[in-house]
């Protein structure tokens, strides 16, 4: 009498797996909530930036990871969101909360508008066109005609909001929680989106556009809407960033920002919601890390951190081309396969010894 | 177990007490200062589009190294932490917060870039951290009434433009002026300064203003446009690379206007030679530093001091780059302020002395140019002298003018 | 009127450099279906090598050809030891590798040669004997050199066995292998050629724009624009696109919208053209069978 082989390792591992996952989530929540109380103001603002990047990467990942449209110019939407929030709160006296939201809505419109001509551009052409968008953004922001609103090359200063209801939080801590709150909402929305019919439609459009159309998916509508939504996410991130930094200027939104966002989603792993956290940590901290490595090389090596950063990027792509999430999936798959085969071996032995006794 | 814990606690307490006594004597109101060192911080664009200005930071670091080799100031060595911000204001904010909150520097010295300094000015003033001798000529940084902890250093762009304006009005009141300006704070401040100084009734004098981005390959097209506008006077608010291109192109297309140029590009080695010296004859600048490649200063003792310094501490660096001269000047002025502080290196005292420099002349200043500050005057250098390029060297003319 | 002629001629001169860059980008694209974002920085680095050689006393043309050889070898080495390892990696991972290369070359140049601008010799005389104000000898010279490079490339691909083999390897690697073409070698040579062409672009550009580590940034963008406009799979179209972009940029800046938003206008034009003709003006239209 041989037992059925274990086909789905999840069933065997299920109770422990679930406990592990809940445990991890609980630890995660403790860390996220407790962070600003143990870290200095400076570190807290750095982690706020990480959360902000995570939101922006979430948006870009929706577009590029799940829907296959490569954008090298998302820094432009980050800029629109940042400036919209700044102009609304500084020039028009709108409260910062609504200002960020309105910035997001404006970015949705901008993204949708850009998505329309983008429909005609395939992969590479779209990448280059968005690259040009990223380069044109600082110049547009400096345009004389907009000076009265944008502050021109001098930029705009924002006052950092303090905690409401006289909560005993410093400004850094309050902003951090604001960012985390927005991130949590957007993450939840994204996870639901991905797992819904819409998410499946997006992935279908990415992998088999013609088949998707044949099945009745309105590719054009989905693609432009995704562009809009992705821009909106990035715009919200930009708006939050302008609050955390307290200043916007055309120089704040250069080409390197757009490139960093792409680096972030690739390092984190395309089409992975949780990977964006790894990506965000990477683009916030690794340049500083490269800085400290090059310090060892002495005074003359002032610009070398970027060479080190470049080398790290290449090594990372070599070691983990599918990013953190992709590599994690591979590792977990390998572990589960090993477990499955060892469970099967155990069952076989049991069956064999059972045969003997029965 | 119980007694072991007690023993450990006791020894820890003793160790802490001993450490506190023998450790660095950080004064309560003088962060970053010990008996043997003073720690200061700055951000510089060592990467990115403005990286050419990183030379200023390198010169300053080398100068402090020289001071330290000579024993420091009042027995303290100067430890300059110079961080790269890539000319990106969000990065500047992050690095400055790191310097102030994590590294606990005494003050911020000569951080470079108008948008970068704008981004950190509120934070530094709120936290009463001196923002000394900012490396930008934007006029907004000399405002002691609103920002008592921020002070500039170099002659601001408006002063220069005003000096040009008054020269134009005096020598050629019917001039038609064409302006080429870099599309950033530097260029725009110049343009606005010129227009303001010319005054409302002379507003028509500026017949064409054309901008360029630092990312553009050439400004040839802009020069052609200016020629076509009929301008007979040309103001170049341009950095060295573009100034050289503009001078060369103007000559090549046969346009011979009266030319004024910002002193940022007043370099024989970096601008006139690449453009072609014969193409730059007659160009006028407002100068306050001795230009390193100018034959006139070949045997000048001040510049020789600078040359020895470059040979010893920055060997291999390009000695035609006037940024190294500026950095030397900044650091020399800073050293003077620190000397004036004596042993009280609290932030209040440092700021007080920065606003109390009288007639300080660095070896690299033109004769007659001095640093002067007071609690009501946060524009340390306001004197410049007009100079004209004669094909080989800068011929100073006129008096030292104070804006 | 004279101003317009000036603008057009000056646009053609700078356009010749964009055309070279566009050509290099397309060469790599045709062989590997990858866009080399680091093309500009590689060209800049090659130009610095040439500068160093000239500083060390080498005569101009010796330095020029030595630099071409160096760049060719550098391109081959990069393909062989770096890019080939990412053959099977997802597209975006390779893009990140290019970004890494971009940053490395830029930093290295800044570290080795500092950020102060340097002037770079032009092989052409300072002025025409006849005193022509419309175009400097160097500007005319770089147009001639670009056309020369285009002609050489055309002859190479059209009439030499090696060129034929490379075209085969790019169009259909599987079949090419079956007939004995060493596809991997062809890829390496393609990269080497592209790097050499990029070096020519850099050495022609440097006398005009002056040599500094950030000199190719703006040029690369316009090179891409040219390649897009002309069609990324058509080398001649891309080169022509480069010339068009050069002239268009000048005219737009001088007469249409002013210098302030030239870049955005360039972007708008490109997007506009692509919307009307997605594969570029001269590109091949791909029709997929369902």
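Letters A, B and C mark the chains as written, and numbering starts fresh at 1 in each.
Basically, a residue touches a chain if its C-beta (ideal position, glycine included) is under 8 Å from a C-beta of that chain, and two chains touch if they have at least 3 such contacts.
All figures in this text were calculated on a predicted structure; none of them were measured in a lab.
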Self-check item: Distance-maximising chain from chain C - centres being C-alpha averages
Solution: B
Quiz item: Which chain pair racks up the highest number of C-beta contacts?
Solution: A-C
Quiz item: So how far apart, in whole Å, are chain B and chain C when each is placed at the average of its C-alpha atoms?
Solution: 37
Self-check item: Separation of mean Cα positions, chain B and chain A [Å, integer]
Solution: 38
Quiz item: Which integer distance in Å separates the CA centroid of chain A from that of chain C?
Solution: 33
Exercise. Would you give the residues of chain C that are in contact with at least 2 other chains, written as numbers and ranges?
Key: 106-107, 110, 115, 221, 260, 262-263
Self-check item: Shared-contact residues (touching 2 or more other chains) in chain B
Solution: 47, 49, 51, 54, 183, 213, 215
Quiz item: In chain A, which residues are in touch with two or more of the other chains?
Solution: 135, 139, 142, 303, 305-306
Exercise. Under the touch definition given earlier, write down the residues of chain B that touch chain A in their complex.
Key: 44, 46-49, 51, 54, 57-58, 61-62, 82-84, 86-90, 93-94, 97-98, 100-102, 113-116, 118-119, 122-123, 140, 183-185, 188, 213, 215
Self-check item: For the chain A and chain B complex, residues of the former touching the latter
Solution: 40-42, 45-46, 49, 135, 139, 142, 152-155, 157, 241, 245-247, 249-252, 254, 256, 291, 299, 302-303, 305-306
Quiz item: Of all residues in chain C, which touch chain B in the complex?
Solution: 2-3, 6-7, 10-11, 13-14, 17, 106-107, 110, 114-119, 126-127, 133-134, 136, 205, 208-210, 212-215, 217-219, 221-222, 249-250, 253-254, 258-260, 262-263
Practice problem: In the complex, go through chain C and note every residue touching chain A. | Solution: 29, 35, 82, 85-86, 89-97, 99-104, 106-108, 110-111, 115, 221, 224-225, 227-228, 232, 260-264, 266-267, 270-272, 274-275, 278, 288, 290
Quiz item: Given the complex with chain C, which residues does chain A contribute to the contact?
Solution: 64, 70, 117, 120-125, 127-129, 131-133, 135-136, 139-140, 142-144, 210, 259, 262-263, 265-267, 270, 300-301, 303-307, 309-314, 317-318, 321-322
